[in-house]
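Structures given as structure tokens follow.
What follows is chain A paired twice: with chain B in the first complex and chain C in the second.
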Partner chain A sequence: MDLITRLLDPSVFFPLTIAMFFGIFVGAIPGLTATMAVALIIPVTYYMPPIAGLAMVLGVSFTAIFAGDIPATFLRIPGTPASGAATLDGFELSKKGKGSLALTLDLFCSALGGLIGVLLLILTAPPLAKFALKFTNFEYFWLGVFGLSMAAVLSKGNTIKGLISASLGLLISTIGIDVTTGYPRFTFRNAELMDGVSFIPAMIGLFGLSEVLKRVQLGRKVMEIPAISEKSRLNVRESLIAMWKHKFTIIRGALIGTFIGALPGAGADIAAWVSYGVEKNTSRDSSIGKGSLRGVIAPTSANNAALGGTWIPALVFGVPGDSITAIVLGAMLMYGLRPGPLIFTESKDLIQQLFGVAILVQILLIPIGWIGIKAFSIFLKLKAGIVLTSVVFFSIIGSYAMRNSFFDIYVMLVFGLIGYAFEKLDIPLAPMILGLILGRMIEDNLRVGLIKTKGNFLPFLTRPISLILFLLIVFTLIGPWIFSLFKKHASK
Partner chain B sequence: MKDLILGLVLLILAVAVLFLSSSFPNFVVRGERLPGPKFFPTILAIILICFSAYCILIGFMKFFKKPREPLEQKKESEKIHMVNVLSVILSVTFFVPVINFFGTVLGIILLGAALMTLLGIKWYQSFIYSSLLASLVYVIFQVLFKIPLAEGTLFSFLVR
Partner chain C sequence: MRRIWILVVSLTVLSGLLLAADYPRKSVTIICPWGAGGGTDRLARFLADELSKKLGQPFVVVNRTGGGGATGHSAGAYAAPDGYTLTVVTLEIATMHWMGLTDLTFDAFEYIAQVNEDAAGVIVRANSPWKSLKDLLDSIKANPGKYLFSGTAAGGIWDLARIGMLDAAGIPVDAVTWIPTTGAAQGLVELLGGHVDVVTCSLAEAISQLQSGQVRALAIMADERDPRFPDVPTLKEQGINWSAGTWRGIAVPKKTPPEIKAVLEKAVLEIANSDSFKNFMNTNGFGIKIRNGAQFYEFVKQQDQDWKHVLQLGGYAK
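== the complex of A and B ==
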């Protein structure tokens, strides 16, 4: 009861609601991603109590992922990458005049999938945290490397480019004073770089500014969004009947989503595609891909469930599940919290509130999402030039506001240009962010481990958990290559 | 070509890292040499050199394997509008000097209107929307969160 009172307190509930509306707005505009929405909201949360800030982040991420499905259904343009799989059957249904049914179903499945993901997070995180207490420097080193290798393999583009991105992220994380010796590295006598590259301006640049650059390069005609023909309305009865009929698809989608989300580096977009693929391959429904309700249910229940899953490694090990939780980890450090197994004992109260907020978000998603569906046509009336300019200036002020530093604006600009160049060179961004956030953890644990063993690397491989993690990394990196060799051999 | 460029950039970066980190001191405790500040950057530089070699090799293989296609007129959707990209970059670059002189609110109105106009919005609409944007920024950051936004030398001079 006390928890509910605290969550409904205006200091938490009001920012949460505002953030959810912001998430709907950003997610529904094609080209603006959920990660970008989270990166833009973080500077606003800096001056709030941690639970209010984290509530805003949770609210934004869940609603933005759902809102991405709105243009996916009506216009065949995914609002966020996580909505790509929902585009296929959602748009086909929309062409048949059933767009509102598809979206209502999508809304309910997103809320239910999200709820299952959060419940699994609540159930699995504390026991996993107890297990994580057995980890020493050796295991944490491999865990960080495992997170990076997963991100490199699972992100778009080829694995080598993913690994390049991760290595560059690690390299950037070495900028600043070396914690062990106090020696400044790659700072070029700049006092602003002594603490390292500010994480939030870097994130805002990578996800905010680079997205804007990507969009404006298309020119005026291409960056505008076409108008929609169907009038949106809620189709509750039919949706509930469809949900009951396909209840196992929802549960399967949510379980797949949570599991994939929990893998370091894999987020809602991969979860949605895998769930859609599993449904298509296992179901007898031949209409999947041509306007099937199953084709809407499977990816939409998976993408929101994945968000709950991404918080599992983030909270338990301090290893982000995807780019959104990578930003959240940066924000948690900013609030003075240390993600890892001890957070469940040191900040027990906050974790309980966080879980409560996550459930509350799923409940609020239905009314706010419905308003989002209704308001979608209004969002589309805003010209791209206005929206993109607003993103540029919020990115600038957001970067500045963290430390009242003009230098951080230039950090944001540099990372915006890096993000833009990465897009041009087909290099995925997510591994770089993970490298940036995991860099200190990997370096410190490697060095401390080597100091403990007097330079002997063998203990990194002889401890049971370390060895398992090492083998997992090897399997992650060369497994797909071996599989493809086997496939080629079999086809011959 | 992309791989070749990437490979060369990585090589230059890795060599620069090796060069800079060679000046970092050794970490010696009681006569024993331990992994110091140069340890991790050096490992990363070596990894980057390996990746750069791979990219350069792939780049060369693609370069000689593929017959060069004649330059074709690009479709509208494939054209890169560099003016737009440069406008955004310049807006961010000049933001600090502009707000130092005009202040944050006026700076956002001026730069915002200019950027919106360049991105295809009518000039009077640009001024209206950039004024709304500046007000929103002011209310959220200055009023609500008490984050001091730059007043600008012009405003300070006029008040005096």
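== the complex of A and C ==
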């Protein structure tokens, strides 16, 4: 009880609410990421008591990850990288005039997924973090391969084109300084390319600009934005029914999300893709990718759950689970907190309050997220020409803002053309994104792993967790095939 | 003709004086070559706040990241030398060009003041058999090629620090294997998980793991012990003549008017000697090292030569 009054105290509650609105704003603008939102809000929190500061950080990060799904659904532009997977079915639903339903469902699933992630954080922090430490290059390599195998799932029935898309993504991921040798590859002595092709401008181009180009080409008549044809309202009843029907999808998504979030180096974006891929592969629902509710539920419950997961290694070992918690760890030192196993005894009260705030955020997410959706759909009611122009405008601003770099605007434009060409040729975009995100992870971990073993491949298969991951990949790829073979046999 | 020359010269001098007299007249950009939220960014933002208060114009931090620091340093060095673009220069200015990452050298800047230095530490797991640096070095000598070191990317500062240490201790630098990571945090995860044997990063980066007793620091690569870690001996105490670490300071493009440099140097040095700066550095775990413009230039020049040698040893020099 004391805890609740402490949290509803204006000195905590007020900054939390402000932070959440800020999170909606930053998250919904493509190019501005949740990490950036946290980085921007940290300097403000220095002048506050630690719990108010941490409340702001939690509020900003959870709302920004949700808000990223709003443009993902309405415009097919992920507001943050974690919303990449949410663009697929969300936008398809939006085209059918079911954007409101998709977003209401998204909002509830985000809050519920976030809640599950936070509860798991509270319950299992120490054992999970210990388990995550067992992961090293060998395991991360397989995890990357597992993620990439989702490309195959995402391009079912279109294998060659999927392979082209994924390979191009992998190829582009090799640009930049090679981490293992420090040698710049394919940079043509251009300093801007040293860290590789910037991921966020690439994604804005692939999904946002390409969509604008497509609509412009279709001409005046078809330039309507699909979502504006419907009235935006909170589809509570329909959403709750869908959630009940797909309760296992939510739980599965949240579990996958928390687990991947807890692994240092993998955050909400990878969590969302893996959850989506698993859903697509395991369910017999063939409409995933064409506007299925499951396709909305799986990634959106996973990405918010992942945020809870990232705090596990951060609190227990002082090791960030993603780029957001990396910033948070820096801030915690400023607040005089020392993350590590001792924090649970040394700062017991604060940790309790922190957990309390994390739960409170999930509850507040629903009304504040709703206001965000509403505000965004008002923006969409404007004329298509204005909306499309602003999409281009924000795409440019968003690409530039990441590193204050004009070069990134060119990156966005080039990827916009690539995305447009892919759409024309009917090549799926998602495998390319996976190749881009995971190429580095797979290559670096393979090579560093081989440095560790002095060129011996065996540990990739003989380490217990590696072996399990390898078998899991084999099973997801050939499992359905064997399964259908058995079925045929049985029916004979 | 002569009269015109006199006019030109006196006008130039006069305008220089006038420029400096009311500097700064508008907002000043501070380029941070590293990302928002990181250590260099936090330092840049603190300095920006303090400079704004002191000089009465807004100082705005702009993150120009990329190229392992090359992008931001280049942007800062090639900006107009009018005092309205400052750069937080970091150690990479002395290493990047030897590695062929950029043509930019330390000479493209004029130096205002250094405010920070963090020495490398030698960190092992709490349950490791090594109780002292001597134990560790003996094990390395006895088992060349067996042990894995980590802490940053290949050719990054903590890799270079360990190369220099091994060389100074008379051990071939390839007697241990460097496991590249994206940074000290990831290196510490590898250490805690038992996947590498030693991490060479600054003690401040490992402060939570050190204080909770999960890891142990065997040595610090500094001239003197760090007052925050008084029990950690220096390499020099153990007969190894090697110090290495990362550092940060403020620089301006070449040909910036000396009057403007003087204004900035005075302001930055005053800030660096203030109590609020000490507080800020302590809470962030940064080490304080103050050098004025002339000393900073000499230091960077020396660093440039020191790292050339180490980069050649490590096979990173182009």
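Rule of thumb we're sticking to: the second predicted complex is superposed on the first by the 270 of 492 C-alpha atoms of A that agree within 3 Å, B and C clash if a C-alpha of one lies under 4 Å from a C-alpha of the other, contacts with A are read in each partner's own complex, and residues count from 1 in each chain.
Basically, a contact is a pair of C-beta atoms (placed from the backbone, for glycine too) under 8 Å apart; a residue touches a chain by one contact, two chains touch by 3 or more.
Not measured: the values here are computed from a predicted model.
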item	value
First, second, both or neither for A:Thr35, with chain B first and chain C second	second
First (chain B), second (chain C), both or neither touched by A:Leu209	first
Partner chain(s) touched by A:Phe393 [first = chain B, second = chain C, both, neither]	first
Contacts of A:Ser167 with chain B and chain C, given as first, second, both or neither	first
Contacts of A:Thr180 with chain B and chain C, given as first, second, both or neither	both
Touched partner set for A:Ile451, first chain B, second chain C, both or neither	both
Which of chain B and chain C A:Met194 touches, first, second, both or neither	second
Chain B versus chain C as contact partner of A:Thr124, first or second or both or neither	neither
First, second, both or neither for A:Gln352, with chain B first and chain C second	neither
Residues of chain A at both interfaces, chain B in one complex, chain C in the other	180-181, 404, 451, 454
Footprint of chain A on chain C - complex, ascending	36-39, 41-42, 45, 62-68, 70-71, 74, 99-102, 145, 148, 153-155, 177, 179-182, 185-186, 188-190, 192-193, 195, 207-209, 211-212, 214, 283-285, 316
Complex contacts: residues of chain A adjacent to chain B	44, 46-47, 160, 163-164, 167-168, 170-171, 174, 178, 180-181, 183, 185-186, 209, 212-213, 216-222, 383-386, 388-390, 392-394, 396-397, 401, 404, 406, 409-410, 412-413, 416-417, 420, 424-427, 443, 446-447, 450-451, 454-455
Residues of chain B touching chain A in the complex	2, 5-6, 10, 13, 17, 20-21, 24-25, 27, 32, 34-37, 39-41, 44-45, 47-48, 51, 54-55, 76-77, 79-82, 84-85, 87-89, 91-93, 95-96, 104, 108, 111-112, 115-116, 119-121, 125, 129-130, 133, 137, 140-141, 145-149
For the chain A and chain C complex, residues of the former touching the latter	35-36, 38-40, 42-43, 133-137, 177, 179-182, 184, 191-195, 198, 264-265, 313, 317-320, 323, 326-327, 329-330, 333-334, 336, 338-342, 403-405, 444, 448, 451-452, 454
